[in-house]
């Protein structure tokens, strides 16, 4: 028994050591980003390069610039507005579709669902050319509104797919009882299905939020005005202009952009895991 | 049954309409339009007329040497990053599955790269891998492994490697979470039975764990393959396709052709080929995993 | 049910907003959309938004100008795509290299045909600059501002190495080699920075060595881009790259301004905008300027600059008024204060211009040449970059690469 315990302890120690090593690898780039954002721009090509800035060289000047000189607030608001609109629209449209496709099965709904899932295979960026043409035809170029319907349409297949699983698990007996009481479809959807599927909707919404918050190719293609830029384009815009890059600004803005995401992630960790695993275990 | 009534049919339709409208207009229509564009001559001189051109764009794509370069880049990127993330993600999931304390903490930390946006992560990696960057200094002046600065970003395979390292770094957390969930559902008695049969750790892994989580492996494989071919932002930020398009991938090359040289027909044909082959690949992967287990 | 109605109302409102989005932008007065690539935080943009546009709108009540700033490359892409879906602006400030493409797409207005007073307006502008707007015998734009590149050198580095500012190409080769090596920290330094391998970068060398890209009519490349002088220029450049004396075009290199500001690059060939950037980011670096060293072909830099063009879909009357305003003495002098070299002859005579930092550039502009004004230029330019890359990495000899490029260009020029 004793040797078995020793083996267990040894295995646990190895596990923790490996995990700790992994943690270092996962966090080093982030720590370097934060440390770079805290040193003056002039020190970025200093010699020798340092992982941590000198204590006396620590400065908040990059943050000061980003918060006061750039259009950070505007970009932040744009990003927030686009992301929130996307998740609300996607939750409404996706859950309604999932309810119908999950609970009123017929050949038609099966074909429809198959088709929706099929479109998930196509990488979004491949459609950028016709989508840009569509946006210009609709007069949506350079409007924040050009982002919302496209993002929503992109996340609808995934949202429908995830929520449908939850909808299917709602016992038929509950619905039967409603029909007998004379309820109509909308009542059942709003009173029964939506509340029961709300955990799924919540976790899907977190993923949709991330998608919209970090999207780059489409926003970069369709938005022109600096004041209408969302955060990822604003960050990329700081980089590489006129053959010099103010890395301090780039990383200060990056840190500020990451804060809400990391907060949401840590607070909603449970929903994250639920959302991810719901799709994968069903396979 | 009551659901057959007219009111309810209209209501069902009402529930479907908003989603279908958005989906149809912004996803289905562009797919159809993409196909049509790929059959038309769309470049500078024909931009306003856009005449039908048959297979011209497809011929141009397949005869273009740069297309084959970027095609190989995308394939290599996918072949390395997909198994890389899956193996490391599964490995960490197995480690996490066996511990009690700090499990959630480790999980959160390992997942952080996933929620970091591509733009930010790419810029951090570019900064670290710069010829004058921290990594080179570390390798040369501190560890003494190298005797000069390595030009990571300047050649085809080293530039792609940086993008691949980023891809793996950013993807491990996602794999870890889904594999951990799958591992937790593997019945414990299977392991006990295997132990009684005298199976060692590795044998248990190959005979019990892997078959038990095959559904998850398939799911990850399909998702990540799509993701691998979708690589765009990291390439654009890290190498920008330099040198001379040798680090471009299918999508960054498509974007360059469309938006920098005005060859929309070419770009559409390339996109369509890509979408079609990914669809077929997904079906093949699905079939292969199915057959193996039946 | 009530909740659903609320949701429905919100959705309907969203949809109406969607459709109204474009209508809202119109407004009562005539609005002309002006796309440009003055960078958003620049003094030029300040002048445009706070001085020029208000002055124009005051002069022309009933015309509003909606100016949109883009990145340089992005503006090019945007115009391409927008042409495809008829969403072009009325007026745009275009890099002179883009005009031929846009002309070929058939989206530009031939001003000499459409505007009766064209000759009068264009007569006020520099002839050499206006030549960039001629395609197939017609004028498709007005010149707006012009520029060229000259040598910037780090005074301290040249002094320390005992190198004179090179006047001839032979002296330049020696200087660039001598300035390369290691600094006191053991870091590598380079004599010359070239941030890309495009035509904008390599043309000054080709021309100064006496080479050429195409014939005069821009119809044939064979015998020019693979002619002996051109090949010599490219061989020389590639040798210096291989010797570790030139860098800057690799993805991992220190960006040009940073490298020059921190004493890692001793010299570079750059435009008038560099002075302001250096003053902002690296005010301590002491530098001088000089014309590009002369070779067999003389001291020939590359002509840059922007034209202002009108698109087919424009409100022509209002757009033409705005174009005349932007090239007027007043607007050109205002822009000259922010470092834009004017093309308006009267503005060029002004004290502002004579005392400006960019006075040395005006001389270079006299001899500078424009890159080919053909629609296929961006494709040709891409081919040039690929070919040059093969030469500097030693995959091909300069002669091989240029021979291949010549036949590819011949096909594109047809």
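Each chain gets a letter, A, B and C, in the order it is written, and its residues are counted from 1.
To be clear about the criterion, contacts are C-beta pairs under 8 Å (C-beta built on N, C-alpha and C of every residue); 3 or more make two chains touch, one makes a residue touch a chain.
Just so you know, these numbers come straight off a predicted model, no measurement behind them.
Engineer: Just how many steps, at minimum, does a route from subunit A to subunit B need if it may pass only between touching chains?
Structural biologist: Graph distance in the chain contact network comes out at 1.
Engineer: Determine which two chains are connected by the greatest number of contacting C-beta pairs.
Structural biologist: Greatest count of contact pairs is found between chains A-B.
Engineer: Measuring from the mean C-alpha position of subunit A to the mean C-alpha position of subunit B, what distance in angstrom results?
Structural biologist: 16
Engineer: Between subunit B and subunit C, what's the gap in Å when you average each chain's C-alpha atoms?
Structural biologist: Computed from C-alpha means, the inter-chain centre distance equals 37 Å.
Engineer: Counting only residues that touch at least 2 other chains, which ones in subunit C make the list?
Structural biologist: Only 11, 81, 84, 187, 254 qualify.
Engineer: Going through subunit B residue by residue, note those that touch at least 2 other chains and give them in order.
Structural biologist: Subunit B, residues with two or more chain partners: 18, 132-133, 258-259, 264.
Engineer: Could you say which residues in subunit A touch two or more other chains, in rising order?
Structural biologist: Residue numbers touching two or more other chains: 45, 89, 92, 133, 149, 186.
Engineer: Okay, in this complex, where on subunit C does subunit A touch?
Structural biologist: 1, 3-4, 7, 11, 14, 17-18, 21-22, 25, 35, 39-40, 68-71, 74, 78, 81-82, 84-87, 185, 187, 195, 254-258, 261-262, 264, 273, 277, 281
Engineer: Can you tell me which positions in subunit C touch subunit B when the two form their complex?
Structural biologist: 11, 73, 76-77, 80-81, 83-84, 101, 104-107, 187-188, 249-254, 375, 378-379, 382, 385-386, 389-390, 393
Engineer: Please output the residues of subunit B touching subunit A within their complex, sorted ascending.
Structural biologist: Residue positions touching the partner: 1-3, 7-8, 11-12, 14-16, 18-20, 22-23, 25-31, 33-34, 37, 92, 95-96, 98-99, 102, 104, 106-113, 115-121, 123-125, 127-128, 132-134, 137, 141, 169, 172-174, 177-178, 181-182, 185, 215-216, 218-220, 222, 226, 229-230, 232-233, 237, 251, 254-255, 258-259, 264, 267-268, 271-272, 274-275, 278-279, 282.
Engineer: Provide the residue numbers of subunit B that touch subunit C in the complex, in ascending order.
Structural biologist: Against subunit C, subunit B makes touches at 18, 42, 44-45, 47-48, 129-133, 149, 151-154, 159, 238-240, 242-245, 247, 258-262, 264.
Engineer: Within their complex, state which residues of subunit A touch subunit C.
Structural biologist: Touch residues, subunit A against subunit C: 41, 44-45, 47, 89, 92, 132-133, 136-143, 145, 149, 186-187, 190, 224-226, 237, 240-246.
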